[in-house]
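Take a look at the following structure, please.
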Amino acid sequence: MIVVMKVGSAEREIDGVLERLKELGFKGSLSRGVERTVIGVVGQTYPELADELAVLEGVADVVPISRPYKLASREFKPEDTVIKVGNVTIGGGNTVVMAGQCSVDTEEQMMATARLVKEAGGHILRGGAFKPRTNPYAFRGLGEKGLQILATAREETGLPIISEVMDPRDVELVARYADILQVGSRSMQNFALLDEVGRSGKPVLLKRGMWAPLQEWLLAAEYVLAQGNGEVILCERGIRTFETSTRFTMDLSAIPAVKRLSHLPIIGDPSHATGHRYLVEPMAMASVAAGADGLIVELHPNPDQALSDGAQSLTFGGFRQLMERVGEVAKAVGRPLAAAS
Amino acid sequence: MIVVMKVGSAEREIDGVLERLKELGFKGSLSRGVERTVIGVVGQTYPELADELAVLEGVADVVPISRPYKLASREFKPEDTVIKVGNVTIGGGNTVVMAGQCSVDTEEQMMATARLVKEAGGHILRGGAFKPRTNPYAFRGLGEKGLQILATAREETGLPIISEVMDPRDVELVARYADILQVGSRSMQNFALLDEVGRSGKPVLLKRGMWAPLQEWLLAAEYVLAQGNGEVILCERGIRTFETSTRFTMDLSAIPAVKRLSHLPIIGDPSHATGHRYLVEPMAMASVAAGADGLIVELHPNPDQALSDGAQSLTFGGFRQLMERVGEVAKAVGRPLAAAS
Amino acid sequence: MIVVMKVGSAEREIDGVLERLKELGFKGSLSRGVERTVIGVVGQTYPELADELAVLEGVADVVPISRPYKLASREFKPEDTVIKVGNVTIGGGNTVVMAGQCSVDTEEQMMATARLVKEAGGHILRGGAFKPRTNPYAFRGLGEKGLQILATAREETGLPIISEVMDPRDVELVARYADILQVGSRSMQNFALLDEVGRSGKPVLLKRGMWAPLQEWLLAAEYVLAQGNGEVILCERGIRTFETSTRFTMDLSAIPAVKRLSHLPIIGDPSHATGHRYLVEPMAMASVAAGADGLIVELHPNPDQALSDGAQSLTFGGFRQLMERVGEVAKAVGRPLAAAS
Amino acid sequence: MIVVMKVGSAEREIDGVLERLKELGFKGSLSRGVERTVIGVVGQTYPELADELAVLEGVADVVPISRPYKLASREFKPEDTVIKVGNVTIGGGNTVVMAGQCSVDTEEQMMATARLVKEAGGHILRGGAFKPRTNPYAFRGLGEKGLQILATAREETGLPIISEVMDPRDVELVARYADILQVGSRSMQNFALLDEVGRSGKPVLLKRGMWAPLQEWLLAAEYVLAQGNGEVILCERGIRTFETSTRFTMDLSAIPAVKRLSHLPIIGDPSHATGHRYLVEPMAMASVAAGADGLIVELHPNPDQALSDGAQSLTFGGFRQLMERVGEVAKAVGRPLAAAS
């Protein structure tokens, strides 16, 4: 952390900063420029320190220079994290596809979806039993009933399952059924939930908050890691911008940027990011070309009657074609589709 | 809701939409333009319907024309909602000031703060016992101990207290102490929490999510209202934009815009919105001029040593001056400071 | 400017940076922390230098610590800039109101508007003769004919006039008629235009680009100042964000923030920022409460028939009421409406 | 365009709207719902009409349903536009790479760059002679001297050249040398410039404004098309969002979205979009996977000494590797690299 003094700051002010640093257990390293004096803070700093120093007299700015997350950083752990779920390996140089319905609806439809995912070469089955809905009157998911249907689908197809959890009180329940716990975009800074999934013993898929710069996202991952759970998969699913012709703006540069900052695997969610069926395939291909370790996409036997997000769900035919085309790109970039689970 | 057909859509496609509407229990009202045909949907629609119709063949777009929230809307309840907390009336044509520390730290400091708030004419005492922190290693608040300190401060000063709750499991505890439950920006779409505070029997201060358009914010309020709790106070606290010289961008036009859409009272939080002490007073004055029913601001006997958000906390002198200057503006706009509680 | 080296950077890399600095005419001041080494750059830096240093081996980050603009900064000129236009003084502690039509249409309507502005106590008359239109088929303004109508209105009412210029080739023409040249939001980084208005000898109203952080805005002002024209008035007119219920998001905190960074006067444009007539008055009042030196607003004798931006234009009655209510706020904050011109 | 009346609007208000429509030459088609009445506007509407109708009594909202651009739309011209520049074909199913220096500096360096572009299989040579700079004191380009260097490079290598123009007064000059005129992001709504390049007889590369939703971008293209110049190439180069770890946020979903709305070819600029050298290759590959017709990238024989944007310029080795890797993806998606020019 560096304290930048105002142009023409008084000696007394500089001394004040140095003294305060000493009080707080740090050492200040002084550097006088032509116009300004800057003070390097020596010691293990923390983000709040910036605020504490910014208010001292004569201080123009405080610039943090080390990242506030540690366990999530590549500096801390240089080699890629690889996560095994059933027979599937995430982050190990292959491309993994998670696919399924946004919401579990009927057993019949969910089973049809599961079989298609399996047959088309998908690796993990997704299905929402608890659904975050902006509208209190919308369908909020089948709850445990939905988890049971997913478990049945796993039994038949052998596909591991991923399902979302939103309430810290439900973590234990969802963890009983699901192989991966999904934390949705709106929950990215639900700190009580992050603590609980961190203690669940299950791998966690952490979607990016639609408002979150990379640093806040990695700090949210740090919450999970700090509970001793090292199995976090990041998922880019679009951020909120002024553009309204897509539901969100999928920030694909986050994929290679995160790869550089962190050792955690990262996948793309082109269904939620775009909100339009016709954009899912091209953005799935682009995610893989940008370096994603995998994808999560939505399909439905009858998208027009899906209980949620039908407009972005692929048809079965659409999913088969996506698997083929994504497979071509995955091969071209040297991270082929993982073997079917 | 209006279904806009593509230019040159076939009769068969138009019939398909009309039939589907019938299946779903709606009536379609056809209108043929020079270029396009549009179909008005007659019946009580819901937001998901747009997705269900958008995927039908020949459909170019589906345009919702009524708002998805109901209880929160001014169409539903034309007169302003007025909320009484102790002797204080929020939303009744006066300006109410909530003030205090971001985090409760020591009893001594909190008591000093409480006395100053009282003496300077503030109405409600704020203090965080549970703190949302982007960083897992930062101070997360004193918990129940903090609530007890607040209760002591209320006893001595007579000021009602407001405190944040983040975990649905803590609602009962916080509601035992606090007069108003605060739901923070990051929790705006924590739906489990919204349900719980909706059942708490206490007034709720609902901060705007930093990513939330007005409609999503009012839908979050609807969650609380739908539980039978009509006492929701909205709070504008800044949204995330590209501008980084302030912590967030305070969207003051949200205040008169919400007043038109909804009957709920709305206040401004210039401390969190700007993140800089020198911006708090001008943005407090501007909030009141824009039509806010009140303010929530941070102060600290010794801001440089505050456990969180020191850089945006006012000094005691700064708060006294703010009360004076805000008082002048409040008078000028015809919504004077409420009588001290 | 500070060069932050990577954790564990080699001596050779540090030497490389120091050597490169020497080549470029700077001195490097070394400071070794526990984890990292940082190098302060001593000398008169420029923004591009950051890029040149960022690519050197071992460099983690380059942090600029002095601002790239100079003439526009308060450090360079501590006292407020005050601009005289006719009898009107902008930036001298009073509140100045510029008002008129978005586009000049007929002489009859423009004269009616001018008389109303004068009568209601407005100070400067606005009217667009050249209009930026996102759509090539929309009305683009009357050109010189419009400027002549404005000149006639000035003659009759004595109000100075302000009008927009978009094309560097038109600067001379517009400067022949107008007392203040307006540079619109979309032209904020039209550098050829900034150079020309900088050479025009006329005061310049520089609107903020809807994409511009404060620093880019002040750099645009620096373009004009660098041509020897010190009379720049800044104008906050809203930035582009995800919120769509207003046309733009008016960033009122920019007003006190700019006041601290720069000596230039700054006004608010609530008409374009909000795009809705009912929001103009509250946001005008809020602008003044936030510290604005004035306002620019649109009105029209018959807003429903205005050739552009009718939806945000005030009626004559609406403008009279705004002047009264803004006058109350202006008095309350100690910057009363300027005497009528 | 559809006029949505308020809930409970009076017959008199509905009649008012119908009458006004008649006055303006339109027909209104009435549709009464359970809650509201909506009025379809029959006739060739224009965007301003929405504003004119929105202000009428009883109107809740006006919803445009046809797009305001025409020549740029796929409805107007269903087949892809293909543009020939020298031997290179843009938009015809192959991937075209434009590459070169951000700024032309010395003839020696530029020639080295040109030879490398040629040798590595690039198709078009870029080089800036006029540079938009946010800072008035930064290097603004060599002007005509730079264009002459580019012409020499074309002569030797046979590569067509592209160069930016910012000032309408320079269009004739730049068009004398360059094969494609580039309009930069900051000039996207420089309407005088758009008119001039529209009359230049040269193909135009139109970069997206960093603030521009797709519709405004296509309207800017419409300006050029409306002058009779049908050869417009769009270029996605990142939009401004809250994320600061990249210079801009590259919105790759814009590529397939534009392909659906318009017949114009579209390419990606990963250098400016990301601002970081290590992100250029992955985002180049992702652009092609998302459906881009080509790329524009920056390289430099000695990026650390480039006069502008060195931090995002590829080294020669980096460019060779990018061509190889992009080539693999291009093949995989069925749009292989065009034959070398």
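Quick notes on this one:
Letters A, B, C and D mark the chains in the order given here, with residues in each chain numbered from 1 onward.
Just so it is clear, contacts are C-beta pairs under 8 Å (C-beta built on N, C-alpha and C of every residue); 3 or more make two chains touch, one makes a residue touch a chain.
Source: prediction; values computed, not measured.
The chain pair with the larger count of C-beta pairs in contact, out of B-D and A-D, is A-D.
Of all chains, A has its CA centroid at the greatest distance from the CA centroid of chain C.
The geometric centre of chain B is 39 Å away from that of chain D, both derived from CA atoms. Chain centres here are Cα means. That of chain A falls 31 Å from that of chain D. Touching of two or more other chains is recorded for residues 211, 240-242, 244 of chain C. Taken in their complex, chain A has these residues touching chain B: 20, 46-48, 50-52, 54-56, 68-69, 132-140, 166-169, 186-187, 189-192, 194, 209-211, 216, 219-220, 222-223, 226, 240, 277, 303-311. Contact residues on chain C toward chain A in their complex (touch as defined above): 2, 4, 7, 29, 31-36, 38, 40-44, 60-61, 63, 65-66, 75, 240-242, 244. Interface residues of chain B, counted against chain C in their complex, comprise 211, 213-215, 239, 241-246, 249-257, 260, 273-274, 276, 278-279, 282-283, 285-291, 325, 328-329, 331-333.
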